[in-house]
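The first chain written gets the first letter, and so on, giving A, B, C, D, E and F; residue counts start at 1 in each chain.
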Amino acid sequence: MLRRLASRCARSLGTRGGARPAAGLRHLGRSPRRRASDAPRNQPPSSEVVARPVGVCSMMRLPLQASPQGLDAAFVGVPLDIGTSNRPGARFGPRRIREESVMLRTTNPSTGALPFQSLSVADLGDVNVNLYNLQDSCRLIREAYQKIVAAGCIPLTLGGDHTITYPILQAIAKKHGPVGLLHVDAHTDTADKALGEKVYHGTPFRRCVDEGLLDRKRVVQIGIRGSAMTLDPYRYSWSQGFRLVLAEDCWMKSLVPLMGEVRQQMGGKPMYISFDIDGLDPAYAPGTGTPEIAGLTPSQALEIIRGCQGLNVVGCDLVEVSPPYDPSVKKINLLLHTLQT
Amino acid sequence: MLRRLASRCARSLGTRGGARPAAGLRHLGRSPRRRASDAPRNQPPSSEVVARPVGVCSMMRLPLQASPQGLDAAFVGVPLDIGTSNRPGARFGPRRIREESVMLRTTNPSTGALPFQSLSVADLGDVNVNLYNLQDSCRLIREAYQKIVAAGCIPLTLGGDHTITYPILQAIAKKHGPVGLLHVDAHTDTADKALGEKVYHGTPFRRCVDEGLLDRKRVVQIGIRGSAMTLDPYRYSWSQGFRLVLAEDCWMKSLVPLMGEVRQQMGGKPMYISFDIDGLDPAYAPGTGTPEIAGLTPSQALEIIRGCQGLNVVGCDLVEVSPPYDPSVKKINLLLHTLQT
Amino acid sequence: MLRRLASRCARSLGTRGGARPAAGLRHLGRSPRRRASDAPRNQPPSSEVVARPVGVCSMMRLPLQASPQGLDAAFVGVPLDIGTSNRPGARFGPRRIREESVMLRTTNPSTGALPFQSLSVADLGDVNVNLYNLQDSCRLIREAYQKIVAAGCIPLTLGGDHTITYPILQAIAKKHGPVGLLHVDAHTDTADKALGEKVYHGTPFRRCVDEGLLDRKRVVQIGIRGSAMTLDPYRYSWSQGFRLVLAEDCWMKSLVPLMGEVRQQMGGKPMYISFDIDGLDPAYAPGTGTPEIAGLTPSQALEIIRGCQGLNVVGCDLVEVSPPYDPSVKKINLLLHTLQT
Amino acid sequence: MLRRLASRCARSLGTRGGARPAAGLRHLGRSPRRRASDAPRNQPPSSEVVARPVGVCSMMRLPLQASPQGLDAAFVGVPLDIGTSNRPGARFGPRRIREESVMLRTTNPSTGALPFQSLSVADLGDVNVNLYNLQDSCRLIREAYQKIVAAGCIPLTLGGDHTITYPILQAIAKKHGPVGLLHVDAHTDTADKALGEKVYHGTPFRRCVDEGLLDRKRVVQIGIRGSAMTLDPYRYSWSQGFRLVLAEDCWMKSLVPLMGEVRQQMGGKPMYISFDIDGLDPAYAPGTGTPEIAGLTPSQALEIIRGCQGLNVVGCDLVEVSPPYDPSVKKINLLLHTLQT
Amino acid sequence: MLRRLASRCARSLGTRGGARPAAGLRHLGRSPRRRASDAPRNQPPSSEVVARPVGVCSMMRLPLQASPQGLDAAFVGVPLDIGTSNRPGARFGPRRIREESVMLRTTNPSTGALPFQSLSVADLGDVNVNLYNLQDSCRLIREAYQKIVAAGCIPLTLGGDHTITYPILQAIAKKHGPVGLLHVDAHTDTADKALGEKVYHGTPFRRCVDEGLLDRKRVVQIGIRGSAMTLDPYRYSWSQGFRLVLAEDCWMKSLVPLMGEVRQQMGGKPMYISFDIDGLDPAYAPGTGTPEIAGLTPSQALEIIRGCQGLNVVGCDLVEVSPPYDPSVKKINLLLHTLQT
Amino acid sequence: MLRRLASRCARSLGTRGGARPAAGLRHLGRSPRRRASDAPRNQPPSSEVVARPVGVCSMMRLPLQASPQGLDAAFVGVPLDIGTSNRPGARFGPRRIREESVMLRTTNPSTGALPFQSLSVADLGDVNVNLYNLQDSCRLIREAYQKIVAAGCIPLTLGGDHTITYPILQAIAKKHGPVGLLHVDAHTDTADKALGEKVYHGTPFRRCVDEGLLDRKRVVQIGIRGSAMTLDPYRYSWSQGFRLVLAEDCWMKSLVPLMGEVRQQMGGKPMYISFDIDGLDPAYAPGTGTPEIAGLTPSQALEIIRGCQGLNVVGCDLVEVSPPYDPSVKKINLLLHTLQT
């Protein structure tokens, strides 16, 4: 059976600056299955050997693979944006994230993480969405993720607007039962409906609660601001247990203490990370559909991601990346960077 | 009953350069209703009196009006882009077209046209579309246009992706019966379906034929190129009668002779003009969703529009204007200019 | 007579997160005039009912109105930029601010403010400036604002370069006498002249002092940096009483304590807020004419605006927004957001 | 005394492709003064010797010089844009034109022209305009050009909005008397006033006629379109003699025959060339303030400029270049190229 | 042995509009090897089945393949730009061309060409260039292409600056001997050296002549303009036989007659097509390093490419595509479109 | 002999806000040579006298000068980018930095620094690099800087990618011996080689150590993050003594205490400042080649620069400014601002 992504990542983490674990130590945690085959794992090519502009842009230039079989984790793109309420463009998010990922390296020098030494990772390409029908796209996504999850592969999603997290969590909960949720966003995305529709990028987590996909005692939302919808769930019984961390409660603060509490709250049970790029201030991530000022900083984002070390992460996504609104594409490095954590 | 837009425009046309009809002549064609009231008509403000950056951007800064009653023609925005197969953004087309329309003047000095002397025109704002459901948006558009058309007002549409022409023509044909069609575009938009859907921006005219909304002997498509779908309708009986004018048949040619033939073909019966901005070469109109090289030039576009003088136009649209892809916004003047013809 | 904007806003503020005042409480502060008519006030349409791309862009899609009669406050655009010393473009500030305002909601969930329940607000459109004559534009602005202020309506200005604050304060002081000033900016704008001219965007507050429009003991300038002019007023008797808060004194600090002092200093007498977008660091607001690095953050800007709660604000402006220099338009949300405070 | 620029250029022209005149021939036309000194003339550095990104950007990287003494012709920048009626930005025109001029070479291979062998040319920098006062800027420009013209130096102007041509022609006519005018533009720029002002970028040629600066029998306007003002001068006696060539009369045509007529009309008497970049279609020159569709092509522009060979050109300008609206800066090569003709 | 690309393309061409050959006819020309295997060839996915934003961007979303074995032709990227003399960025050309290629279809409706029915084509990814050493990059390119050519696969190159054509032609001539050249460009690229270097993007064809890689009687250069270097080769014996077609000789003309002559000149012997995107006017292709005005139009480019039908093309390239200078990416469709010819 | 730049700057610093030294005091530190000549020093023109858009853009519009003789310090551009591993464009860094420098003033009001009263400064233009050969460019740079340094002039470099610091330090160490280094960057730039090359923008400081150009006990690197290379030097004996300050150790902290330590470490011996713009977070400086998230803020950058007061600075550079990736050019002010410190 599948070993947890996060614990494996944790095992490969050294301590920064001083004594760092020898490479050998990192292999202690490898599963027997891996040890048996002893096959070399996929590695992003180093820019010392392959120039950065070279090559077709799969994620981190990892191998493209049609099947999730044998993978510990895999990148999956969901190029959908017809659930967005303001600026479109997130359909091109997966493409641009892959393009910018040539800057990523196999090691994170700050944390010492060497994820590709302990995990088999590939790029599974994109889910073929139905651009003209949001409901049908949700079905296509759910079915695609059910196959990925059934193969014991952790999906690392490149979005896509936030609607997609709903069918992804349907697939994940089908395997793992109700999961914890670490949700970074400017908005709670818990509206009930808009323009008469129950499914769009403002409602995914309301639908997840409706269907019992979330373990409500282990739901944390960080970076919330700017929305009339923000506080609604906290008035109703259905959202009992959700923890809300407003952006203004994060201003000019380290989030390391918060993440200590989050780790406690999540415990060892399965959890999902959903990172809406608009959780960040638009100065850092202008290319998104519904920007709100006074958001999180990249260093806080890194504290959040690094703070997940040791948790039982069964899936994650980076959503709402809309390249047409980021002419210098400076934001997209974020999640990429955090993947190295 | 309503008098025709085009004949009225025709009446207001003088001959360039030399003797131009006195203002009084232009009033001969006015309907008794107008003459009776003798009320001054809406006029865009001159930039000699109101600076161009001044004012909230209705179309040509004409009055905003909630009802079509009493109007000969009206601008209507349809900010929808979830039917697009490639780049989105046309949802912001109406907004940007209005913004650029401050450059338009009340008179077209080349043709002598003074449309606002003989026609009552206003801006009716936008149809409230359902951004998350294409089928439902079609219903909303159809219903809104039925009301406009029922009031005897000619709708001048600011799109929006090309899907919208389908429900607009449903409304128009309900009043006028099957209409002629002058369709400027890079694509025939006569596919049967894509990704399993019958309705998206590649199928409007196939659906119109299916429902008998077009007078097939009076359908002309100009500027077609670059699409596997292009020639399909011409192989099948359902499209019998369509006239196809490929872009390559227009290269480096005046389209004045072609328009003479088109006027013959259209005769005096009701017709609709659908102008997809991608009929133009992307050098002139980069801000669009599915650009194709080697298209029409603006001078050819003007020849087409001016060539409609005297025709019985019961509606028109400019679609597929996607502002995020036009950083210098140079294209948008096109239809605006042609509106003065 | 007019009741104060700020105190009314204050009254409509609940406490975040926990018990929030019932809607009824908010009506206690309503003026008899309002209570009598009991007419529903203007409300921006919710994006759950009207899609964000829909509609002609008045500010927050509030009604456009020609007269200030009966309004508590009104948005007014001043599309002028011929007073700028470096990059132009602020003439398009009002247009773009209105366009971005579709993201704003009627409630601010962080503060609980419901401004449109207690205040009648509309959009009065733009002052018709003289684009070719700065002095004459000042006259036109002054006269337009005199009418607005005379009607008991608080002007909320969308600029425009900073020159415009001078004639606005002429109009305001004519009614209220010398006012306090909360001025957020990278520059003091207290130069005496440049290129031989006494009026341009570097001199408005010097001119205001010259004419006795400011209550110098209640003038605070926040965010100042980068200018040879910065410290000049503090050397001279004419600026005696001005309080200067350099940007470097704000670095990595909450401004809540500062605003406590400012509230003390302002007391209950009339004051004006002038917010130059370049007070912010250009990372957050690149679209401006004379950017200076190391400025304020959006969270500090919100602290400043929220810190004005309870003050007697008789007018405010957001100036120096130059859209051509902000390709992703991320900055403009700022003031809009703060309007909800 | 000064010998004519154009005849000198003409003399240095060979015939393309076949036998080309030996370098010696080109010197036949040199003035005795030049021959006597025999000093080497300024030459732009070749990109084979100095890399294109190298160097501070004077025009063509020619020497910067404070005085016009001893020069046959000189580049002069006029960074003014407060006379523009729509988009500003032309104040940065001179800077960007100089920047792009690194692409220019000393020889025009198509025409064989070697202007720098027969003419002494330098860059005189910019006129110091008053950015806050249009009338005063006109005075500053007029005075600066009077000095240049008095020195026998032909000014080659880099604008700047079209207002500047008015004071330039005041200076030129003071020396040469009424001059002929070859005016390429989308607009006639012969309005009488706007927003109450007699001087802005829509009126320069009306003012010139008012003051007798133009020889009205030798005024040709090419590329006119899109403006209510277009045909006005042709109705009035004051413009008797002006020749109007509408853009639509140029569509898909070579302008070589037209220029033959223009050369006849101009004869050997002094003439001025004023080239508004918006004479071109905005596809070729998006970075301008008041774009109009369906304009001239670059090949037509070259035909116009080359068609001036042999004329008695006493000054020329390229105006209305607004870099913020041309993100890829493709247009600016135009005049530069033509300078080599 | 390899059958010729062009003749095969020719065989698959029907006649437009009227009677078109049945699909079966197109198979007559297939080589026995193909017929024997009867294996289905690679096909780009249709946008009716796979949405355009979906998938990792190989060229036309064809399969990525490491080896050229068994391919008739293959796309190859060469992401190099350190040979450019002005604006860099062409290192990202291959990536962006692949991204835009999602708009291409398997059939060209204008010509009826069905290239993927008769040819096995894949994407071989990029040559791993040495970004810091131009000479070494040339070696790497030459060696990579020798392998491709040796396998009987025709390389279709996505550049990269024009330097790369030199090592490509070294590889091609090694197999085929001196080849004919159809060269579309603004510049002749026949300089001898610059800044002391013999190899950069201004010299490839001079080097090719030096090494006897070209059959000089079959060299045609089309679109030349704007360069002091332009006419140099035509003065010297080493370039005897080159045919020069200046851009100005193409203005407002169909190039169909010219291509008839070119086909004659090329005959049935091997030839190479090198298409520098700056051969086009920068209005159509702004994203390039050394733009020159008054270039070819896309329709002329299509005439050139279609005019090659029936020729013995042993390789081709599209070079000098510099995406950072084309914010709306409108140009890149060009070659893609022509690939369908 | 030359007096030190930094001590002179120090002497001209007053204390902010309160009592500021009289201008006379600042002259005490002037060298006898200066006092003797008593010639007025170069001064950037004030924007109160010369409008900011006016003039050819030398750095701060200081005089352009061919020789370093008699200068205390000089700006020098090095427009080279062929050593960059990802996005190019830094070849245009010097040009754009000069363009933006019109915003700089002669006085820094925060610090009271008046550098141009005590130092003779000019702009020496650019080093003529070899764009096609990185090794040769290094030679050209080294030779140019040897002349500048030999003249007793402190070079203030406008880059250019980071490769250039290597030959600059060769020139500097030739005169001063091994120097201290304050290095602000996202990367350590101490790789040994890439793609087989020892010289590119990832290796300059490794090469400097190899050649003994650095005093390793006085090397501080600040802002490091995101690179597999980051920590390598700290594992090896060759880098013994380097001090590493990771970006994450700077998050949300003032760097004033750090700079106190740095001043101690540097002492009074010669040191060099190398400021890679990517040391800043890309929100503040998007226009760079290898951006990494979560970097320094502008206020921290100012603290670093101001913290150098009193040090014996013998040269400094600002590198990796790539204008094509910064459409709003907000970043470039940074170093300019710091020059006033």
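By definition in this document, a contact is a pair of C-beta atoms (placed from the backbone, for glycine too) under 8 Å apart; a residue touches a chain by one contact, two chains touch by 3 or more.
Just so we're clear, the structure is a prediction, and the values are computed from it rather than from any experiment.
Counting hops only between chains that touch, chain B reaches chain C in a minimum of 1. By the document's definition of touch, common neighbours of chain C and chain D comprise B, F.
The greatest centre-to-centre gap from chain B, using C-alpha centroids, is found for F. Inter-chain centre distance (chain E to chain F, centres taken as mean C-alpha positions): 44 Å.
If you average the Cα atoms of chain C and of chain F, the two centres end up 39 Å apart. Across the assembly, chain C contributes 51, 53, 85, 91-92, 130-131, 194-195, 252, 281, 283, 325, 327 as residues in contact with two or more other chains.
Contacting chain pairs in the structure are A-B, A-C, A-E, A-F, B-C, B-D, B-E, C-D, C-F, D-E, D-F, E-F.
Contacts from chain B toward chain D in the complex involve residues 16-17, 46-49, 51-53, 102-103, 105-107, 109-110, 252-254, 281, 283-284, 297-299, 301-302, 327-328, 330, 333-334, 337. Remark: chain E residues 50-51, 53-58, 64, 77, 79, 91-92, 94-95, 98-99, 123, 125-131, 327 touch chain A in the complex. Taken together, the chain C residues at the contact with chain F in this complex read 85-86, 191, 193-195, 225-231, 234, 244, 246-248, 251-252, 281-283, 286-287, 290-294, 325-327.
Those residues of chain A that touch chain B in the shared complex are 81-85, 87-89, 91-92, 130-134, 136, 194-197, 199-200, 324-325.
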